[in-house]
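Heads up: the structure comes next, in structure tokens.
First chain written, first letter: the chains are A, B and C, and each begins at residue 1.
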Amino acid sequence: MSLDPQHIKNIIEAALLAAGQPLSIDKLQTLFDADHVPAREEIRAGLELLSAECAQRSFELIEVSSGFRLQVKQDYAPWVARLWEERPSRYSRALMETLALIAYRQPITRAEIEDIRGVAVSSQIMKTLQEREWVRIVGHRDVPGKPAMYGTTRQFTDHFNLKSLDELPTLAELRDLDSISLELGQAELELTDAEPERPTGEIVADGQDEGKVQAASENEN
Amino acid sequence: MSLDPQHIKNIIEAALLAAGQPLSIDKLQTLFDADHVPAREEIRAGLELLSAECAQRSFELIEVSSGFRLQVKQDYAPWVARLWEERPSRYSRALMETLALIAYRQPITRAEIEDIRGVAVSSQIMKTLQEREWVRIVGHRDVPGKPAMYGTTRQFTDHFNLKSLDELPTLAELRDLDSISLELGQAELELTDAEPERPTGEIVADGQDEGKVQAASENEN
Amino acid sequence: AVAMTDKQIEPGQDLPGEGEVAAASADETTFAIVQGTVLTRLPRDLYIPPDALEVFLDTFEGPLDLLLYLIKRQNLDILDIPIAQITRQYMVYVEAMKDLRLELAAEYLVMAAMLAEIKSRMLLPRHADAPEEEDPRAELVRRLQEYERYKQAAEDLNAQPQLGRDIFQAMAEVVINRNATKTPPTVSLDDLLHALKEVLARAEMFTHHHIQREPLSVREHMSQILSTLDTVRFTEFTSLFIPEEGRGGIVVTLLALLELIKESLVELVQAEAFGPIHVRVANTAHDDRDVNEVGATA
């Protein structure tokens, strides 16, 4: 007695879906009762039926070296891929501080950022910010070496739903931040203008725990 | 702009097949482009479409506690089960009774389980249940010793094909002790419901030899 | 001899329960069916391989389970247990376990004591004027019922379709380039402000360091200036400033000079108003140094 082709097809489908790996025709045959094992041709016919039925669906039957498997159609990969998307991670502190300084002190050179932050700014951070299209080079400072000055972009303000940079909260609005620290910050900047090459080494050596910070965070992103 | 329902359905199907685990509506929504996220109703419509399409096939859409999943219909289990040499593990009565008590009486402490079952519950059983992630500690009872209280997890309901604990088979009714007393019908005895329930406190007192009980625990799992 | 393996009595099967045993005979002396042989009341003359008995007894989940078995086997109503009869049967099992030196769970003995107590209370004459008196079996009945419902619940649960046993998760392969699927993190305005606050707070901290270090670089410049100066010839004030050091350097040089003057190490000379300023090492300083040197060599 031979089995209904529809039934064979369904058993094959069920097995392929449950196995989650390719199954050979031989293996598929072993699933049937010993006295009702379909011939290889019957299995093939079942596979063809299955393949035809998949036309309108999101998966298809694929033959690979170790047998047959059901696979999500490539057309749906973009959506399916989001299942495994890494949780949008957070940006490192280093990147956020760099971004904040560019937003509030633009145009600003990398050396100036480094001077305020007290540690070197990795090229990776500058690259990430530019790739994200939040930051771009807006000019070059007229000092030896002509360092690039960075500023924020339209995409940056869009991201924060701001019409313009004017809508950024003002520094004065920051709590816990007294004017002295601001002035000191500016004084720093002015000094750095003149001695752009100085900062990193020396300052890092100063802040005992900055070394750690640098090691830990500068490589992120 | 809203997406074609067929298209939504196919994306859902592809994702469920690719995920290999239940997906919630929320999760399904995250698969779509940020500016084309279907509403929950649209996702639901897609799920219904998908479910209808499965009618003639070997798999079905089912909702369990952590979301929706596609699974091989039970009708095909006899064939599919042959894929694996090993038969799925059977669980001992001791384990199943312990699990049933946790499912129906959660939150429940181990001592309370032992009290109802009349025997000690082995640590191995509690360990197995927790390793399978069917059971977890949900708190501690505010009595001396602060014993852990156990409850079931989503993995538990998922495993047993349940959408929620409400779908557990109903417990047999306890015939109430008043009626028992009446049925016992000793004419000369005017039985009343003096202390019909003899609540838990007393039962605990009953098992004076908790220690011994503990020692003679079962080794099954 | 009756051989018996785990297969015949498998935990989780309903073996010693309602099914076959009860069907085989409602006779209370039926003890078990081992490979089709009806064993009767643990008679001492009938040899039962201890292994078989052990397996059999092991299938009970405790005294409540054993009692339920005894009750069901005889189609007795759980609500109207003939205590004397059940107690007698129960004790047969307990004695058997003892005889076979099976590890007898303490719960079995506790139950034996409870049964004996109920039995004796049942024998006591009841007082019609003691309406508060409860049926001595009530507690046992309650516990049996309670256990039975969860025993049943466990069986029902086990009968539920189970993943990997009755139902199988449907899966399909998916081929995707996982690298291409990274979404960048989002940043809120708060994050940005927080970062700014942090960095400025730290900049302030560094500034303190600068202030502390300033005297050092002033000292350094003081040394430099002193080494440039001559005790005899005047050096032009402006030539002491090195433009390459930038504004910061100029400030430090100036501070160094002021400090040198304050300490009377150098002297400044200006011939006329707005004329060039000249600097030379102060004589006194020179003298002091000589004295010191003399003192040192003496």
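Going forward, contacts are C-beta pairs under 8 Å (C-beta built on N, C-alpha and C of every residue); 3 or more make two chains touch, one makes a residue touch a chain.
Quantities reported herein were computed from a predicted structural model and do not represent experimental measurements.
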Any chain in contact with chain A as well as chain C: B
Centre-most chain, if every chain is reduced to its averaged C-alpha atoms: C
Cα-centroid distance, chain A relative to chain C, in whole angstrom: 30
Cα-centroid distance, chain B relative to chain C, in whole angstrom: 23
Computed distance of Cα centres, chain B from chain A, in Å: 37
For chain C, residues contacting two or more additional chains: 168-172, 174
Touching two or more other chains - residue numbers and ranges from chain B: 14, 17-18, 20, 59, 70, 72-73, 80
Residue ranges of chain C in contact with chain B within the complex: 11-12, 61-65, 79-80, 103, 105-107, 110-111, 114, 126, 128, 131-135, 137-139, 141-143, 145-172, 174
Chain B-touching residues of chain A, taken from the complex the two chains share: 10-11, 13-15, 17-20, 23, 27, 30-32, 53, 57-59, 70, 72-73, 76, 79-80, 82-83
List of chain B residues in touch with chain C within their complex: 14, 16-18, 20-21, 59, 69-74, 77, 80-81, 88, 90-94, 96-97, 99-101, 103-104, 116-120, 158-162, 168-169, 171-172, 174-175, 177, 180-181, 183-184, 186, 188-192, 194-195, 197-198, 203, 206-209, 212-213, 215-216, 218, 220
For the chain C and chain A complex, residues of the former touching the latter: 168-178, 180-189, 191-207, 209-210, 213, 245-249
